[in-house]
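Here chain A shows up in two complexes: once beside chain B, once beside chain C.
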Partner chain A sequence: MHNASKHLLFILAPLVVVFALLPGVYQNHLLLFNFVIFLILAQGVNIIYGFTGYLPFGYVGFFGAGAYGFAIMVMHLHTPAPFAVLVGGGVAILLGLLLTPLLRLSGAYFAIANLAASLAVLHFVANPALEGITKGPYGVSLTGTFNPTHAYYAAVVVMALTVGAVVYLKNSPFGLALQAVREDAVSASMAGVNIIKMRVIAWLASALVAGLAGGIYAWYVSVFYPDNVFSGEFSIFAIVFALFGGVATITGPIVGVLILYGIYNLIGFTTPQYFQLIYGLLIMGLVLFLPAGLVSLATRRGWHVP
Partner chain B sequence: MTYALVAGVLFGLYFSLVGIGLNLVFGVMRIVNLAHGDILMLGAFIALGVVGIAGIDPLFAVPLAFVVFVLAGVLLYWVLVPRLQGSANPEMLSIILFFGLSQVIEAVTTIFAGTSERSIQSRLLGTVFTTIKVKWFGGKAGGAGPIQIFGQGFPAPWVIAAITSLIAIALVYLYLYHTRLGTLTRAVMSRRDEALATGIDVDRVSAAAFGIGLGIAAVAGVFAPFMFGSVTPAFGADATVTSFAIVVLGSLGNPLGTALGGVVYGLCYMLVQTYLSSWADLLPYVLLIVILLLRPSGLLGRRVRVA
Partner chain C sequence: MSPEKTSILDVSKLVKRFGGFHALDGLSFHVVPGEILGLVGPNGSGKTTAINVISGLYAPDGGEVVFDGASAGGVASHKLVHRGINRTFQVPKPFLSLTVRENIQVALAYGGATGAPSIAELLEEYRLKEVADRPAADLNSAQQKMLDLTRALATRPRLLLLDELAAGLNPAELDWIAGRIKALAATGMAIIVVEHLMGFIEQITDRVIVLNAGKEIFEGTLATAVREPQVIEVFLGGEHAH
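On to the complex of A and B.
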């Protein structure tokens, strides 16, 4: 059987089936929804960081832009929610296009500029001067479209698409070319790879999934403030989950989300500062002892991990 | 207008002090110290401790904070950095590693100090000067009043912070350009591998730079309660981004560049706050992006760093 269909059958299909059926068995739907959202975001980070090497420290900018794209469509134009989610994705792509010049920067410069960009978008949206459009810092309330069940299944669909995109990257010449660019841009361009086009496509794809996730998040929670949807925690969590599992793989970010977000929910809510401490130590240990993620435990033994 | 300009310069000098430690660390080790803001925060807590326990002028916290964090920095360097430099992509991983460190610092501070805002009465700063004045020249004792510059009154802590910053920047300059270790530091800054090949003990030089960088950050932190009104354990993250804006505005590995960057930043900050206050929050971020895109090497830089 072809590799790609194997990955679709044995990784993507079980994941979608499990998350589609779980709400019937498990009562905490918000928790399940958050799992799906973080699976999307971690895979989105995987697309841009794993395959191109750009660390999107302000990834939440796209998420928040998607949420506010959704909110503005619903509040001012009264469109149906699924359409507004698509618009949220579109807004994220626009923001991504606006930020493409950042791809000229390398390494830490890109990460810092991206972080600054997300904070700039936050302060722009939360500006009291724009209260007429975004409601400024006072938050939006979208009770008219509130429908957590539909939003949950929409999130599962977007998760399927995102994981599908990673399966494609893992098995296509395009993904291979991206990784070549990541390893050595000059050699790759000598070999005939159009570096700029490749990077921009990966960048916009990862912006799109975050925007869609943001739109669906807005749909699901329906009442939120700029600080909620632009919270740096989304970027950090997504990056750490992806890294913990191992980037540039299909399974790595999934494993990362399931383990780390699981731990977070076990101890995080009751004592946030102790969780923060454990989390910080975990991140440091990860970087120092396991920089290639959990999957490297297997690859070191010579096992192939998709 | 004069007020905004002078206040901008005073704040700017202080901002240079905030950024210069970060600059040193990034310049020498290519390590992004995302915990920089948290070191500032710890410096502020040392000042709080000095006032709270000993009840003396917070200026005494300056040498204390410096010494404590130089030692802590050297120790931290040996624990973290050699291992990090051995990995595949140290620059990227350092961002995540030091993010973890900043989380640990924030969590530990929260566990011991709580999340409430802390501040110090601003008249406590500089009481050592007024005491000396009273002893030597007579006159009446009391807190330092506003200091007159160009006919406008400015809070004394601003002026004291600005003067301390000037002294610190001068000392960093002397260290880098007039000591042997400083020369070695600049060698490592410009070419790490060549420095290693010529037999420089890169680790020792880097450890010194790391310690000094953290020490200066802590000194800047001592003044934070006066410059920003109050501090909380969560104050670190914002301070880190601001420091980055300043460092990038100046140029990497050049303390004078950071001084210029800090002053430019301070002036912009004060002017925007005076005339367009609701947009003032946006300024550091937009400024950072614009400068990165137009002049990735900073205002005084030469080497351009483009992918």
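On to the complex of A and C.
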């Protein structure tokens, strides 16, 4: 059996089945939904950071753009929710295209510029002058589309597609070429790789993923303010989860979300007073002892981690 | 036999400036298929700059690069790779976290070459078989140079630029790689070699061009070059000439 088929069968399929069935046995549906959203976002970060090397500190910009793309379609054009989600993804791609000049930067410069860009989008959307279109700072309240069950399953579908995309990257010359560009752009071009095209494709793919997630999030919550859907926490969490598990793998970001977001909620339920202390120590420990993520525990022993 | 008819690469009056510094100052030369041309000269004479311009890393500020009858100056590197130019780097630049095999796979998949050698052949011929599934970061510098070379060969170049491939190799490895380079040229590949090791240059080249300050000061065999006062002067300083 091909590696890609194995990855689809033993990683993607169980993940989808578990999250499709869990709402029937576990009552906290919002928590399940948030898990799925972070699985999508962590894999989106994996695409652009793990495979391409750009750390997207303003990743939430695409998420928020997707949420507002959804909201505007529903509020003004009364389109069905699934179509509005697709438009949300499209809006994120447009924002990604607008931001392609950022790809000329690297390292911390890219991260900071991307963060600034996401704040710019937030303030654009939240501008009272645009109240007629975005409702400005007063927030969005969507009526007629509220359907958490459908939104949840839409999220599971997008998660499946996103993980499927990462399976493709992990098993294709295309994914290998992206990693080559990340490792050494000059050598990659001397291997015949069009480095600009590769970077833009990865960037737009990760934008699309976050935009779809944002659209579905808007569908699920129905009522939100600009600060909610442009909250820096989405970027930070998605990045930390992906790094914690280990990027440029399929399983790393999944493991990262399940463990770290699991612990996050566990602490939140049991000992919220120690929340920041425990979480901070955990992340410091990761950076100090496992900079390549949890999967490196296995790869250091020479085991192959998909 | 006029060079215009048969040469695969024609460089004429090439100029490359960095600020006020003329790294290349009207350099002209040609290479024919199957030929091994040596580019020699003191540090800073423009050898690597010439290779960087021909391989598309720098756009020239003047002059022309014609590869296989079509202009190649200022064309993006990956397009030149597809047209049949490739190179190695003075300091090899493999994709460190990818395995040796994956390094070569990228070039095979994206090099756009038909009839390129297989991974197995390249691994075998360039002594990388044992390390095929190790990350490139684990290789020693000689192995990284060979990997750099296989990355280039996987795109099946018709013009290969070797930037100090021999530096750091031991005598046995030098003999072996000299044999490999000659075998490549025998297939019709044009090869330009930048090298400081004169013995190695003498062993493999048909012809050398001596550069100084971005200009050609001599063209011919190395044996003639070393008797040329102007060449001796730039290599050893004025008092040794005559």
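Assume the second predicted complex is superposed on the first by the 301 of 306 C-alpha atoms of A that agree within 3 Å, B and C clash if a C-alpha of one lies under 4 Å from a C-alpha of the other, contacts with A are read in each partner's own complex, and residues count from 1 in each chain.
Rule of thumb we're sticking to: a contact is a pair of C-beta atoms (placed from the backbone, for glycine too) under 8 Å apart; a residue touches a chain by one contact, two chains touch by 3 or more.
Everything numeric in this text was worked out from a predicted model, so none of it was measured.
J.: With the two structures laid over each other on chain A, which partner does A:291 touch: chain B (first), chain C (second), both, or neither?
T.: first
J.: Would you check which partner chain A:258 touches, where first means chain B only, second means chain C only, and both and neither mean what they say?
T.: After superposing on A, A:258 lies clear of both chain B and chain C.
J.: Have a look at where A:200 lands relative to chain B and chain C in the superposition and call it first, second, both or neither.
T.: Neither partner.
J.: Counting residues of chain A touched by each partner, does chain B or chain C come out ahead?
T.: Chain A has more residues touched by B than by the other partner.
J.: Is A:279 touching anything from chain B or chain C once the two structures are fitted on A? First, second, both or neither.
T.: Once the two structures are laid over each other on A, A:279 reaches chain B alone.
J.: For A:305, decide between first (touching chain B), second (touching chain C), both and neither.
T.: neither
J.: Quick one: is A:101 in contact with chain B, with chain C, with both, or with neither? Answer first, second, both or neither.
T.: first
J.: Report for A:115: first if it touches chain B alone, second if chain C alone, otherwise both or neither.
T.: Only chain B is touched by A:115; chain C is not.
J.: Hey, what residues of chain A end up touching chain B and chain C alike?
T.: Dual-contact residues (chain A): none.
J.: State the interface residues of chain B toward chain A in the complex, per the touch definition above.
T.: 26, 30, 32, 80, 83-84, 87-89, 91-97, 99-108, 110-111, 237, 241, 244-245, 248, 278-279, 281-282, 284-286, 288-289, 292-293, 296, 305-307
J.: Which of the residues in chain A come into contact with chain B in the complex?
T.: For this pair, the touching residues of chain A are 53, 55, 57, 101-113, 115-117, 119-120, 123-124, 127-129, 185, 232, 236, 239-240, 243, 273-274, 276-277, 279-284, 286-288, 291-292.
J.: Contact residues on chain C for chain A in the complex?
T.: It comes out as residues 55-57, 76-78, 81-82, 86-87, 89, 93-98, 102-103, 105-107, 109-112, 148, 151-152, 154-155.
J.: Inside the complex, what are the residues of chain A that reach chain C?
T.: Touching chain C: residues 173, 176-177, 179-180, 183-184, 186-195, 248 of chain A.
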